[in-house]
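All chains are identified by letter, namely A, B and C, in their written order; residue positions are counted from 1 within each chain.
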Amino acid sequence: MRSFAGRDILSLKGFERNEFFRLFEIADRLAPIARDRKRSDLLKDKTLVTAFYQPSTRTRLAHEAAMLRLGGVVTGFSDAKMTRAGDFYQESIKDTVHMLEYYGDVIVMRHFKQGAPQEAAKWASVPVINAGDGWGEHPTQVLTDMYTIWKEKGTLDGLNFLLIGDMRMRTMHSMSYAMAQFDINATYISPPEMSLLPEFKEEIDALNLNYREVDHVKDAIADADVIYMEPVVQPDYTKARDERSGDVGLTPAQYQVTLDVMKKARQDSIILHSLPRMDELLPEVDGTRHARYWEEAFNGVVMRMSLLASVLGVME
Amino acid sequence: MRSFAGRDILSLKGFERNEFFRLFEIADRLAPIARDRKRSDLLKDKTLVTAFYQPSTRTRLAHEAAMLRLGGVVTGFSDAKMTRAGDFYQESIKDTVHMLEYYGDVIVMRHFKQGAPQEAAKWASVPVINAGDGWGEHPTQVLTDMYTIWKEKGTLDGLNFLLIGDMRMRTMHSMSYAMAQFDINATYISPPEMSLLPEFKEEIDALNLNYREVDHVKDAIADADVIYMEPVVQPDYTKARDERSGDVGLTPAQYQVTLDVMKKARQDSIILHSLPRMDELLPEVDGTRHARYWEEAFNGVVMRMSLLASVLGVME
Amino acid sequence: MRSFAGRDILSLKGFERNEFFRLFEIADRLAPIARDRKRSDLLKDKTLVTAFYQPSTRTRLAHEAAMLRLGGVVTGFSDAKMTRAGDFYQESIKDTVHMLEYYGDVIVMRHFKQGAPQEAAKWASVPVINAGDGWGEHPTQVLTDMYTIWKEKGTLDGLNFLLIGDMRMRTMHSMSYAMAQFDINATYISPPEMSLLPEFKEEIDALNLNYREVDHVKDAIADADVIYMEPVVQPDYTKARDERSGDVGLTPAQYQVTLDVMKKARQDSIILHSLPRMDELLPEVDGTRHARYWEEAFNGVVMRMSLLASVLGVME
């Protein structure tokens, strides 16, 4: 297995089974620090640079919290539009990275443009972690999700995954690459205009992923061990939540998980959602034994601890 | 007395006399750390999460500085509009809190909506501190103010408070609840459209607060031990300070504290203002023995140190 | 020599030769911490307050990274427009500083208005570092640049500086004051509307700076030991980089440094640019032995370490 020390985390394509398990084991060893609400001094010498060209408070804070729990410190920016115009938003990734690499010891980058973290990694003398690049990938989220499932199920093999959402999105890309490393049957459900793109299907075919596409959550819910969700509608961001009365009920029933839908589900099926949600996942489900999205949030910090400790070479 | 460990600080309604004094004592014990410009290691294991749905740099930085002085670390967001649309600004408090509680060990929340920190506290596994909720309350500011007065006067009982400002505002609400726990005579002065609301009067009547309302600062200045001020006019935020020539002189004389007004005040009266100010409090007063707003700023850090150390259970 | 402990760093006017060298020496002693990617505990008791009334991510992060490398912590704001309107953007520097001085132990201020850090220093009980004030000065950048040149050349005396950019800008002001302390010949090149202002020429004449102004980089490149650059055109900030096709080729050839221009340059000449750049400095030059802008970026952290350690009195 390749060492994680000094390595960039850019994509889950080509990420191997044993690399998942290595990160899971390290996560297990570090989890007590977060659970006991402590700070270790594992990374007390290290500085994390957050380079968020787009705001993503959840992803940014999960990385920051992870770094702080490991004793490290954080600097960076949370929205490139808030930087001096022409500063980071406008200039080349190469010029920016030749600054950022001196401000800390690992760079976590969210970028509106697919491939930007890859370009950054080409120039940086420190590891670059992709925190979401346009339509590209979102490897740290999916590592979190796989870790959550592994913790709940004890295995990733032999499971049926039901995936609901926009299949053109980065999280679904990373998840598809990840599933292909395990004995997982994937069922994709999305509105037609959000279905798997032909060129992406070629990729997952080449990886020998066992998958099918269905139209209605009811047609697949009975078999699912894992229900993996993302929104299929976008809120009207011009209105505050309280004014968005029209937003409620926007998700068509065939892409929605409700208490009624869950009555047809397996007793031990679990639901994951990285949030925020629209009405594709109703709050009435939150109190059931199926919901695992709060655990997913906790694991979001633990997995980032595992990643930071690994690429910074303090855990092997 | 109820323990502060693990407790939410949401409102000063029902806050008891001896609870004020407990926080004052802890503040006195922690103040030397801030005065000597040191960091202690009392909270070296702990992370503060700042959840500011509205910017409030003073309140946010006072909490951050307090956490840092105690050896802790900080993560969070300073303006929800800067987060990904739909991220924190749009989603339910429940969903957001089930993330934030994993990013740190205490949440300080400023929200544009009254009651939001209370809602957050319902779901959070960590203490929630209300840093101002809409028209609701601002308990940490008023604890700071009461501590400042107590330090200056040696007591809170037997004092006459003159309150000038918008009586519908959160700070005045928290201050009214606080005054009711002591032998304080309150005199409220505000423009008619900013006077105490009938339902709030019922509340402070029920608390047996001894108060009156007058029209002109000159009618009450001679008796005041404490002059507690807030703006009664709002600046035109669309213009930079230098362009706002028209803003100067906006505050009617009856709500204004000037050198001339202070000539009629008691020799030992003190002025508090949490700032920023318009022209209700003229800079010509800054150099007099009455001004205590800079001490208030220093105490703003010290009181937040006391609160953080208390709710995180390291000081009793 | 005046001690640096407790001192404000506001301007390079009146900064003496031996003060430059003292900061260089301290920088040399601290550089290994940054180079080895460690944190020292020299400033573990100290908090830096960043007061950026305008965003400037590079300058802010260089200071933050420096503080973190020295074991200190950071709080502050990165754009006053993001603070509560009327909070810091609108109020007087005096009122703001009488808050900020309690939030930490040194204030680094960027302000859109010339003279603001000087005004802040008048009121602050802690050192104030000018991180750029309007058209005024940018002393920490130029200290970085002079340190970079000194490291590369072993001396600052007997060198020819070629300065290309907008001579009305703060960096050029600080650099001119700095050059006057050494045996440096300065050649300024700028578009006519960006040339040295008459009142500034009087200042550098009074400092006995040896300088000339020429029209075309080709007329001066052969003599230059140091080529010191800034943009002479501004990007169209309303467009994202990818859309700004029209921006390319905006800089007239006489203010541009290209591979072709560098063929006429001295073998050992070096190019400095604090970035970001437009097309005044072409990427084709990056791979040549002349480029020193990445070293400049690294030194930007090291020089800020030297400044923070010096004004906070832990290095003499």
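Just so we're on the same page, contacts are C-beta pairs under 8 Å (C-beta built on N, C-alpha and C of every residue); 3 or more make two chains touch, one makes a residue touch a chain.
What you see is a predicted model, and the numbers here were worked out from it, not measured in a lab.
**Q** Which category does the touching pattern between chains fall into here: line, ring, star, complete, or other?
**A** It is complete, because no pair of chains fails to touch.
**Q** More than half overlap in residue numbers between the two sides of the chain A-chain B interface, or less? Answer same or different.
**A** Because under half of the interface numbers appear in both copies, chain B and chain A meet with different residues.
**Q** Take the average of all CA coordinates in chain A, do the same for chain B, and state the distance between these two points in whole angstrom.
**A** Chain centroid spacing, chain A to chain B, equals 39 Å.
**Q** Can you list every residue of chain A that touches 2 or more other chains, as numbers and ranges?
**A** Residues 73, 82.
**Q** Write out the stretch or stretches of chain A touching chain C in their complex.
**A** Result: residues 44-47, 49, 73, 75-77, 82-92, 94-95, 98-100, 102-105 of chain A touch chain C.
**Q** Which of the residues in chain C come into contact with chain A in the complex?
**A** 34, 37-39, 54-58, 61-62, 64-65, 68-69, 73-74, 78-79, 82, 234-235, 237, 240-241, 244, 275-277, 283, 286, 293-294, 297-298, 300-301
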